[in-house]
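The structure appears below as structure tokens.
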């Protein structure tokens, strides 16, 4: 059983809105950053995925907003692989400020051929390299 | 029974990513734009909401990605009010290119006091003004 | 002698920052939108440029900020072609709210081969199609 | 004589465009991030500036694009204070990938009262705290 992959980022000025908090769409971009960081940790670089002729496209996203993040705060982003189907990758996400959960949610991606963008099975080498961060679905 | 509110936007260059399609987080920003346009249609301007001492904060978002939008395409954005609770506003969203559905999903907002950001009941005048775009939940 | 090309856009919520005004980097994205709209007006679509095997890359940008734009305001964007060199395209930009100038500046682009991204002369057909919006430099 | 302040950032997927490179407007947002990081280094946090009742607004920006940055690359951002007038702050910027200069430019800000946004002199304590990164103008 794996555990979530963690990385940090600091909220940028231009990501905050009139309410003084991170604009909601940026959290979805943060989730995307988590996936990229996870793939870099697993495979060395996102580029390495492309060099193997594959890519992922997003199929579904869910976000629940519990409390706002503010300018200059350092956030902890967690991502875990909750399900690896034949072609589908479900990741669960948590964004926290110290111990306070701010946003959680999920992304579902589909593995595709880099050129044709047609569905293709997740290769075994990738499954293995994602294992340290693959958890039982909640 | 109401029907969805519609508006259009053209995809900007800077919204498209390496895959040649709109980056996923921008669709959530598009949903937000739909809500703002709906409120402008209902009340005259978003500012008018603020002048009445209220605002909305997002609590939940769901998106399903069916097909990608590309640079320069004109999209049709639909939003409908699916549920008006005491303080909660659920809207459903569709983004299409001509007759092809690209993205759909929902947003749930909570009405808050503009100053304190504490939950406050949706005022009757706003319920009435949203009626033309209030539909039965699917 | 030509005159500036004009188009309008409404400021989006997510483009405004903590100060309640459009975040400065978005004005540079607005300038980019003006160039795209100009090319669409001149050639029919930006895609038509790509289909001819050429593209532009930005080499220089200057912006002067005179007054802020705010959420929900409708802005008028002007762009004019101030200089067409062998490979260089200089455009001047103005962003106004009614008669009030908010931001002005310039962009300098270089025409490149779409595939190699190597400099290539601006084709005559494009010079001709840009003529209605080509002005004497200030 | 001071020297530039340096920090790093990794290019995010959503910041890259159809050409496979960072979209130009994001470099202006990167410059802004450099200023914020500089102020944090100088004063402890940007918030500390606000708590003293002051803020900065941007008056001018210049960018020269020498070579593109790509997805996943780690960039080094440099900022130096080139001039401190009565109310004006001119900073010079460089963005590099290892030893290769990608983008350089300048920002000119004006110090303002946080509430009224009216020009106010740069306080002496801030001048002193910016000294380590204040250089002779080029």
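Order of writing sets the labels: A, B, C and D. Residues in every chain begin at 1.
Assume a residue touches a chain if its C-beta (ideal position, glycine included) is under 8 Å from a C-beta of that chain, and two chains touch if they have at least 3 such contacts.
Since the structure is predicted, the reported quantities are computational estimates derived from the model, not experimental observations.
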| item | value |
| --- | --- |
| Superposition rotation for chain A onto chain B, Cα-based, multiple of 5° | 180 |
| Which of A-D and C-D has more C-beta contact pairs | C-D |
| Chain C and chain D: spacing of chain centres that average the CA atoms, whole Å | 24 |
| Geometric centre distance via CA averages, chain D-chain A, whole Å | 29 |
| Sequence positions of chain D contacting 2 or more other chains | 13-14, 23, 25, 29, 32, 71 |
| Chain contact graph, described as a line, ring, star, complete graph or other shape | complete |
| Contacting residues of chain D [partner chain A, same complex] | 12-14, 29, 32-33, 36, 40, 45-47, 71-72 |
| Residue numbers on chain B that touch chain D, as the complex places them | 13-14, 16-18, 20, 23, 25, 71 |
| Chain D contact footprint on chain C (complex, rising order) | 19, 23-26, 28-29, 32, 55, 57-65, 68, 105, 117 |
